[in-house]
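Look at the two complexes coming up: chain A is in both, with chain B in one and chain C in the other.
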Partner chain A sequence: MARALPAIVLLVGLVASPTSLSFAQGSSSDFRIYVSDEYGASITVFDGKTLKQIDTIKVSDRPGEVRPRGMFVSPDGKTIWAAVSDFKPQLQTSADALMAIDVQTNKIVQRISAGVNPERLALNPEGTRVWASLEASAEAGVYDVATGKEIATFQVGIEPEGVRVSPDGKWVYVTSETSHTVAIIDAQNLKRVKFLLVGNRPRIVRFSPDGKLAYVSAEIGGTVSVIDVAKQQVVKTISLGLDSRPVGMAVSRDGTRLYVAGGGTNAVYVIDTETDKVIKTITAKMGRRDWGIALSPDGSTIYTANGLSDSMSVIDVKCLCVVNNLPAGRGPNSVEVGRLPEGQ
Partner chain B sequence: MGSAMGPERTAAPVGRPRVTVASRLSMGRSPLTGAHRLAPGLLLALLCAVGPLPVFAQGSSSSGGLAPVTVGVMLPPQGASDPLQAAVARSLHEGTVMANEELGQNAELLGMPFKTVIETVGDTSGAVATAKALIAKGVVALVVGLGDAETVAVTGVADKAHVPLLNVLSERDGLRNQECSPYLFDIAPSAAMYLDALEGWFVGQGFRKWEFVVSNDQAGAAMLDRARATLTRRHFAARVSGVVKVAPGKPVDPAALAAVAKDAPDVVVLLLDANDQLAFVKAYAASGMRAMITGFPEPAAQTRAFYRAWQAAAGGAQAGYRSEAWDASLPSFGAVQLNDRFQKRWGEPMDTSSWAAFMAFQVLYNTFTSGGARTPSAVQAYFEQPGTVFDVWKGVATSFRPWNHQLRQSLYLAHIEKDGSVTVVGTLPEVFKPGTSLVERLDQLGYQKGESRCHL
Partner chain C sequence: MWARARPATVRLALSTTLAVSAAAAGAQAVPFRDTPVAITAAFGTERTLARVTALGSAAGIPAADAQSLTEVAAAAVADDLPLFRASLERKDAALAGALVRALASLQAAGGVQAARVARAETLTRRAADALEAGLPGDAARATVLGLVLTGPDGLSDTFGAAVDDGDRLGMATAWALLQRSHALWRQLQGAADEAQRQTVESALGRLDALVPGPASDRQPAPGSGDESENDANQVVATLGAALHASLTPDSDLAGLAATVEGLASGGCAAQDAAASQQLAVGTLLYTGYLSPTATMLASEDDAAVQQAFASLARSSGSRSGDCAQLTDALSRVRAALGG
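Then we have the complex of A and B:
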């Protein structure tokens, strides 16, 4: 395990662009793809242009015991954060942490002890605070990136999972699998302001690029709830079918398409967000149990993390077809795309 | 948001002592681990004291929460002299309590609270009287974890009072047939579902000649009828090699063992109660027979205590495979987290009875929150509403069959190790099978539409 660097190093390293949009405007040739490997205790790194595996970052020497799941790339692309825990959900152990990895060196540069069983995480647009879902304690926690200190925790419902900060940095949405809820937290005043009931076993939450809408996938309900962020209300429920198992999601840059990973169905659902209709279900050549899903910076390619086939599927957005499948460690869980820092 | 809540725990600025700020509606530091858990009554009192609830679910106002609805629970008394029955009673109780701690507090948090009255019941007349008393108190639903006769009797009371009843224990097929009611909903799988699953697994593995050892009573006859019917209608390559009837609760008759040996089956299925299964398998192993042997998974035969006793009795016999509705070793669909919380809460694994009790409250939680139901008729309507689905930690959306109110669900094939530990090795029906309908898949087990004598 890499020794944590002094906070000042991180403060310098994590000064971020104003919003994540600036990252999305990068060219297609200067990015990396990160896949967290739940059973390999590692993160597999691909070059975005060549799709060559360029590194495997170890997050622990105990594969099969320590599991990285949710990830988030800092807005400036310099740091990849991973929520790391173990397979003993009720015990807080040394494995439970939020880890920051410097993408230049692929070394772990910060480790924040984050309650019991952190599952997913997200940074605010400034990159100064990291929010995490703490699965076993039914909480969300927020931590100061510079100091690594916990700022606050909130009760959010049983088995929290998905967590996301709105593009304007005002709200944090946290899903809870057993409660079937989304907790809305005022990120600036650090107040939990509302619960919304959504479909059965909500997993992941994503905001539209303009921040007006939030999408919440419900695995058992087979739905995507559409939340009006200003009204803080569920305004639509898109049904994908009882057997659809929606989990990970990615929104296109223009907000017109929502790509939904089908988890156990080995599918990706493509939703037209203007009509709320599924315009394509991608199944041919898909890897098995695609959970995480992400888009390339130019929006031309979709990547999925396939837990049961130990692979990453590469999907061309033009044909909405799988064009490649690549080995990606043991038990891929999440996939994120990060900008290559300047000079790389 | 005038009623917004601050964090449950905030950190002080660096260099200053940390301050703990308790939310007025906090579920506690961890409702899941038991630490700082608030008693429901205390929480309610706190709610009343601090005024309006926070803005909660879709479309709700911030003017205040709802008054709690009450759920009546009827369970067998704990501490039975039979260790297997004692284990079942304890499991039911533990599942009920944990569900109320978790889901009850979560419903509070949403401003849609419910409370629970738990009564223990020892016999049929007591069950009837208790059910009437609970209904008189205004419960919106009954959760019943009682034996067959008591469940039938209480169903009659619920039917008359138009109060929904969730059966979490009895697998009696009659309750899914002629004894059904519009107000009875079965979380517990039926005997037919277990038998269908067992035959599906074993026939699929090449076991063709089936020997049934059955109790010479009505329950044994009913299970034998179902087992025969399934073999005949679904598994053309399989056949019944023989049927041996035994007296319940009596020592194993050597003639019964000789009859089984003479029939030379591929697999022997004990349609007996849990204790009679233990006695028979012990005699079977001692006789030197080596054909695969398994038994009907009544709730007592799905406890860890039974598994340890079964393997100890089975000796060298091939006796490792059993059917279950739940197992503490399940690895997927949130089961790890649920099982782990249960283990931590009670110091023992979650078994089928505790799972069923917990899931009754998961179903009710959904009904009270997503369904907004606050009356018996609204609860029943939500259970029956097309499109209502429940998550019971089995990886698929489940629902009650419209024709007999049996909860659709998968079952598991477990391998019992010599030390009594368990590995789940099969799921039937398969959780995901492309190109097939989920509902049709789940309806492969148990009484299908048109087959059931219940016509709701």
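Then we have the complex of A and C:
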């Protein structure tokens, strides 16, 4: 029912989620695109309107030793958070951190020391807590944004990666690559409540705008698991094919489409969430090994971070075709979109 | 021995028929479900060959200390040989005996002494050829290649650890596994179409660029381990599509749990070389593929399985208690995994 009425769903989603509310109102001309460069120890910044590279933010003076990977945009769109670590997964070092970047100035404005090897992160809808997957210690950590203090850690499975807070702020989902699981954490009571078995090597988790469903990509399994959030059950598994390698995902604002980065297949899979079928596989002119994927604020454009071709592909949602490829540092991993304050 | 060989033969013939039927019907083949012992035995010889080849190149590796060499030789005897010894004895008892003695001799020599290394390498290569010749078709051979690339102590596993630790001997082992990957791919490339061939060749080419040869002084860049994993997975995914087969053991965890249960039952039903091999294969599959999930979904049962497998590997006396514990706990793990 809800999925048959996307306009209503969107409205409900907007009310429920401050993230969606502030961000959905943005026009296409007042945003910036951020690409984390794993091997350049930097974040490349593009102007959303002109697609010109306008900045390169250094997260460390040690490229090749320190790497930014997962990113997350704050609920108001004005801050980009990045998970930063080094290449020594066994040890917690000073490089292991969660960094906040002000979109207006492109300066690093906050740095939270995180556990061992943080890989990806997400904020709660209020923007007061940041959750991170800590790859080497098989944990998820939650930190207070105001104080930078660790609030709690949870065992979530071996090699945790994807992390997301549900739009209503109640649940945190964390994928674990080697355990093939999603850990569900009660965000308010700070208690792990369940593990769900999903596809082989789960990577990224995304919620539908109404928060009723969660999608989990499985790189080796070539699938996307669909989780009913209320039931805490996998209710469907969408197969993308034996040679597909789904990783990053983005959900359209109305929830009717799921865009899936194909990683090693150099493709973007477009899934109709009404039918859970792949309606298009975009391969022509795609950069190589697209990992991260994000949508422009108005939903008209898709951006992918392409790790092997050191580029960002730009895809027009109308034609579902690649319209541009831009150099984007060394080893692009994730891409996020941040919003400038009004009038900037 | 023969009483066990007959059902295996029947099972082999049946599985071949099933594979052909599955292909004809457009269904996905699952070689690991059909012939887990034969596939894992072949993988065991490949791991041994890589370790021995790396030992052969150790003279050119300045950082290869005596302890590292001894550990590599010991791993070939303790970890690899149990995976294929009984299969090789059935295939060529003389070769099996010679190889067991050669590996023991190499271990006694601390992994050094060129003549012993060379003999072990020659015999292991023959063992690999013998066991791989008996694999039931391309999908099974591709599954072996998948294990060589992505399995426990396979290429990406070994190379990733070697990069993290700066372990040159580990890199030499990874390089040897890569050379074998090329050899196995050459036997399989006829099954792929042109685009798939290009994809696999590109991925193997990137692996060639990532993994330094034993004579190279080049230090892999940080992150090379992750890169190798990506490329190894690319090869496996592409081959899987080419052969319409699932090449990774953990593509169906509940199914794999059932397979391990079968191996445990077989291993507990007798006390001979074949039974030991079944337990060794079951241990590898459980530890490498099921335990990471079972430890989250059924942690007590996971611990019980691991403890029972470890105890059975050491035991030479009565095994009834361990076997009962193993089968009970495995049954619960399978249920937890949806089986």
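The rule is short, and it goes like this: the second predicted complex is superposed on the first by the 323 of 344 C-alpha atoms of A that agree within 3 Å, B and C clash if a C-alpha of one lies under 4 Å from a C-alpha of the other, contacts with A are read in each partner's own complex, and residues count from 1 in each chain.
The criterion applied here is as follows: a contact is a pair of C-beta atoms (placed from the backbone, for glycine too) under 8 Å apart; a residue touches a chain by one contact, two chains touch by 3 or more.
Given the structure is predicted, the values throughout are model-derived calculations rather than measurements.
Aligning the shared chain A places chain B and chain C in steric conflict. Once the two complexes are overlaid on the shared chain, A:Arg192 sits against chain B while remaining clear of chain C. In the superposition on chain A, A:Gly338 makes contact with neither chain B nor chain C. By the touch criterion defined above, A:Pro297 reaches neither chain B nor chain C. Once the two complexes are overlaid on the shared chain, A:Gly329 sits clear of chain B and of chain C alike. By the touch criterion defined above, A:Pro209 reaches neither chain B nor chain C. By the touch criterion defined above, A:Thr178 lies against chain B and chain C together after alignment on the C-alpha atoms of chain A. Looking at the shared chain after the overlay, A:Thr153 reaches chain B, while chain C stays out of its contact range.
By the touch criterion defined above, A:Pro167 lies against neither chain B nor chain C after alignment on the C-alpha atoms of chain A.
In the superposed model, more residues of chain A are touched by B than by the other of chain B and chain C.
By the touch criterion stated above, A:Pro246 is placed in contact with neither chain B nor chain C. Of the residues of chain A, those at positions 87-90, 157-158, 178-181, 195, 197, 200, 220-222, 242-243, 245, 264-265 touch chain B in one of the two structures and chain C in the other. Chain A contributes residues 38-39, 64-65, 67, 87-90, 157-158, 176, 178-181, 183, 195, 197, 200, 219-222, 241-245, 263-265, 289, 331 to its touches with chain C in the complex.
Here chain A touches chain B in the complex through residues 87-90, 116, 135-139, 147, 149-155, 157-159, 177-181, 186, 189-197, 200-201, 220-222, 232-234, 242-243, 245, 264-266, 283, going by the rule given at the top.
Taken in their complex, chain B has these residues touching chain A: 1, 4-11, 14, 23, 26-33, 54-59, 102-103, 106, 109-110, 334, 336-337, 340-341, 343-344, 362, 366, 369-370, 389-391, 395-397, 431-432, 434, 437-439. Those residues of chain C that touch chain A in the shared complex are 28, 164, 196, 203, 221-223, 230-231, 233-234, 236-238, 240-241, 244, 246, 248, 250-251, 253, 292-293, 295-297, 337-338.
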